[in-house]
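Dropping the structures in below, format is structure tokens.
Across the two complexes that follow, subunit A remains constant while its partner is subunit B and subsequently subunit C.
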Partner chain A sequence: MDRLDLKKLDPNFKHRVAQELGGEHIRTCYSCGVCSARCPIEKIEPEYNPRKIIRMILLGMEEELLKEAFLWHCSTCYTCQESCPQQVNFTEVIFALRNMAVRKGLAPAGMGVAQNLLCQQGRMYEVGDFENEKRLEMGLPKIKGNPEDYKKLLED
Partner chain B sequence: MIPLQEFTKTPKVLILGNGLSAFETAWQLISLGYGVVLINPESRIIEETPFLSLGGWSVQDYLKDQRESLEKNPNFIQYTQTTLSAIEGFAGEFSAHLKSEQKDWTETVGAVVFAPELVSETQFADSHLKPNAQIITLEALTEIFSSLSQSIPFREEGVFVAFTPHSYIAFLSGLDAEGNVADMALTLSLALKIRKEYQSQVVIFCRQVKVAEEGMERLYQACRDEGVIFFKFDQAGPEIIRSNDLVTLQFVDAILEQPFELNPDLLVMDSVHSLPKEIRELALSAQIGMDESGFLQPANVHLLPQASMRTGIFIAGSGKGPMLPQTCIEEARAAALSIHHFFEGRSAEEMNREVVVDEGLCTICLTCVRYCPHQAIGWTHRIFIHPFACRRCGICAGECPMDAIQISGYSDHEVEKKLTALQERRQQVEFIQPRIVIFGCQRSAGVVWEEVQSSKFKVQMEVEFISMPCAGKMDPDYLLKALALGVSGVLVFACPEENCKSIHGNTYARERITEAKRYIEEAGLNPDRIRFEHLSSNMVWYLREVVEQFLGELKEKKAH
Partner chain C sequence: MKYAFFLGCTVPVRNLNYELSARLVARKLGLELVDLEDFQCCGFPLKSINYFDSLIVAARNLALAEQADLPVCTLCSACGGYLSEANHLLQNSIDLRKKVNDRLRVLGLEYKGALQIKHFLRILYEDIGIEKIKERIARPLVGFTFAPHYGCHYIKPAETAGGIDPVEDPKSLSELIEVTGAKALKYDTLLNCCGGSVLGAKEDLANTLASQKLGEVNQLGGDGLVLICPFCNVMFEGQQKKIEKKLEQKLKVPVLYYPQLLGLAFGIAPDELGFKLNRIKDKEFLKQFEKEV
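Moving on to the complex of A and B:
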């Protein structure tokens, strides 16, 4: 690994994360590592490591972090958040980081496709005539996506 | 015998030191009605010492108030530029030899308190650095900040050049040795101040963030909230590379396993703290004991926080290692109470009826004086045991070549009577098994033996226990006597190392037993019939194990 100059990193990154919704408690972390120890994703994908992600935030490694694909590996199971002794709320921090990445245009390509789907049909999975007929047989109401709401939500 | 009423307690206390703990101890003792003599080798005024305290109170103001009210008190005498050259005598009436530039004189005091301030040595030489505008000690930076009045937010000279929003200040704290909470408190308070007032980036390099004091956890959290960066290291800290005027720190972050470097605009280094040389020498000559790192009070669990190895000599404050001002005050108050307890404690008439020196037998060889771990034995034209200083460990009685010192309850006569009683019982019982006798310290083996007897473990007929006040009382004569009475084996139990209430009792016992084994072998007997073991008071299983194993060995030998 290349040696990084601490001065070239952004010391205000952690403060910006703290201003995001959900990132408020990021600076209370004292790197105990409970989040990483209990994370089910970390066991399959060792490169996704909550403790390392927090450390990167605290050291100001914004560029390095936001472009990483592992930011999107989190399944938001909230195990880390439940076990944190310092109430860092790491799952919320992940949301905050993802929001920051999207704003910088660093979201993975799949995210764009998902967004288009939502805007077109108001659902991730298309509900067609076949499904609605089945529902009618079972006495359930018809489902209609409302893309207008999502367009409103996602315009940014 | 010296009449017991000659042993008195002079209600006057000598305090060494000029810091917070010295003045607080003096103040508390004055309030308790004692006379205080405070001596200080320097003329430095204590308020000049830099302090940053936690919890918003000013150490300087506190000290100033205390000094002013003390100096008005007629019971308080202070000598500056005065040293203590020697302490003679015993608890209750020490002769303290004092020395100043003008004169030498002796003060008689009942108790002595060591309340020294530590001296700090820089570590620049170890790191091949020289102090300059970019490199400074923690103490120097503290001094700069504590002399600043709050209304001056910025100065464009000296270290203040480094305090800009884009600069990086690096603190190296507790990297070469185990850090301490006092330095950590200074480091964190300064880091917080710099972050808040100058917005510079602060990076702290340490082994551990020591927060075991009131308010420290809060301070640490405040630093993290302000964005101070911490790098922690297991062993080696950052590598310091110096080229011309540029200092570079190279290190690997333990969490990311990522190498980093930093050219700090200001490098703050901690110092090594130690006792002043004259205090160290005095502690050695007065035999009050020191620990491995050269601070006062040896590592022994039996010593109360303010006690030294000698009765009547107490320790208060940072002589035991760097401390926060608030802890110094607590220490000083505890020391004053310990001293009060000593003065209010039992008088000479009530104490020491138990130790007797037979003047007919004593040849004044002074073996006892040399061996006593509590400095409790003195001599004029005869040996006397000082009632306040003696802690009845019996080491002197064990060592005395003439057996002139006897402790009631444990005298040679009484021990021999117990051994003969065994002999008589042996004749009554049908005797097939080998028998063993256990000698043990009442504090460890004695407790274990009681436990063994009350537990389900059946006490075997062939094992007998004789209690000793301390393993140091163990006289090799008892071993020989036991063997002469036909006992198959002798076990001696002493407390674990560094855990002897009489400091060296267990070591003395070990040495004596080893020697005894050697001359038993020379006499043609099997030295394995004697065994020495360390035992602590909760090791019942170990006593059983050793006894069973020892019995097994003896039986095997008998069979051959």
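Moving on to the complex of A and C:
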């Protein structure tokens, strides 16, 4: 890793993370590292390192962190969250960081597709005649995909 | 016993075997599942993109169930986990509930915060109970062994999942397997994550995660891996061929949903339980039920 450029650090980054839904407890971390020790993703892909991600937040490395593809490699298994002695809720912190990355346009392509699907078809999978015929054949009730509610509910 | 039946997006399109078998088993046990036609996405797929919007999408369903005056039963663990999480947040923060309700108003909906959400398996375990299920076993599955897979969102985060199982030592699914007469496999990778939620971002990483469990279950033998979540199914059944290639090894681990297993033990025929839709199954095992039912 390159040497840190102190002028680039933003001491308010951690406070902004703490204002996000899910990011509230980030400042309570005392770096014990149990999140990293038990993370199944870090064992496979060492670049994904929860303890390091927390240090980057606390040091204020916003730019470097939010553009990292590895933020999207957490499997949300909650092992870190359940093991943490300080209730940092690291899995939730990952969601908060992803939200921040999306707002800055730094999320990898394709990650925003869920919102489009809801507004187009009301569900993650399309429900048309084909799906409902198959359901009726098996004696299951018809279901519908109604995108209208989400067009009204969700802001662009 | 009456619940609003929350199917989510994946199960009613891609996993009809799970839905069919759950409905049949519920009927046998006197558990009434009411379809609310306006239930749609749980909101979880939006959480990474816009957490607040995802809460609104979740709360829309909660408000609909509250209107119907029914607690919610889910089949998907991600749906169950997320609706529980949203419910917990909205019940505990008046401010957040107000903000969410301000948005729901365009649909004429409001969530007051009085709802209970339970995964189907948890209803079997807590509301109906092992003893009552035992009374219904017509065809004990003696001599068979199945590996339980709890998945992550069924039990975690503990704070919002409702404490059904200790997160490091869950027992509900194992006990529910054993009540059928089969043995529940004890194995090292029991608590491993399926990797399903990384599949879209990095397929190879997701496959590596799933391969650890499939490799162990294959090595230990037994009659299959028992699931309670369609996301786990995407990995263990849908990706199994790719994982075989990756490991350069044949796996052929049969994958089934828990209500299918329980249905067999209730004496229901494999066809009715949707086994035709299971892509990796033990045909010899199923043949025995076709003959005897």
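We adopt the following convention: the second predicted complex is superposed on the first by the 143 of 156 C-alpha atoms of A that agree within 3 Å, B and C clash if a C-alpha of one lies under 4 Å from a C-alpha of the other, contacts with A are read in each partner's own complex, and residues count from 1 in each chain.
The rule is simple: a contact is a pair of C-beta atoms (placed from the backbone, for glycine too) under 8 Å apart; a residue touches a chain by one contact, two chains touch by 3 or more.
Here the structure is a predicted model, which is why all the values come from computation and not from measurement.
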Clash or fit (per the criteria above) of subunit B with subunit C on subunit A: fit
Of subunit B and subunit C, the chain that contacts the larger number of subunit A residues: C
Partner chain in contact with A:149 - subunit B first, subunit C second, else both or neither: second
First, second, both or neither for A:124, with subunit B first and subunit C second: second
First (subunit B), second (subunit C), both or neither touched by A:95: second
Which superposed partner A:81 touches (first subunit B, second subunit C, both, neither): second
Partner chain in contact with A:114 - subunit B first, subunit C second, else both or neither: second
Touching partner for A:15 - first (subunit B), second (subunit C), both, neither: first
Partner chain(s) touched by A:52 [first = subunit B, second = subunit C, both, neither]: first
Where the C-alpha centre of subunit A sits as vertex, the angle toward subunit B and subunit C in the overlay (nearest 10 degrees): 100
Smallest separation of CA atoms, subunit C relative to subunit B, angstrom: 22
Subunit C-contacting residues of subunit A that also contact subunit B: none
Residues of subunit A defined as touching subunit C within the complex: 20-22, 40-41, 44-45, 69, 72-79, 81-82, 89, 91, 95-96, 98-99, 102, 107-108, 110-112, 114-115, 117-118, 122-127, 131, 134-135, 138-141, 143-146, 149-150, 152-155
Contacting residues of subunit C [partner subunit A, same complex]: 7, 9-10, 12-14, 16, 19-20, 23, 35, 37-38, 40-41, 45-53, 55-57, 60, 89, 103-104, 106-107, 152-153, 156-158, 167-168, 192-193, 195-198, 200-202, 205-206, 208-209, 274
Complex contacts: residues of subunit B adjacent to subunit A: 168, 201, 203, 221, 224-225, 227, 229, 250, 253, 255-263
Subunit A residues within the subunit B interface of the complex: 1-7, 11-12, 14-15, 27-31, 51-52, 55-56, 58-59
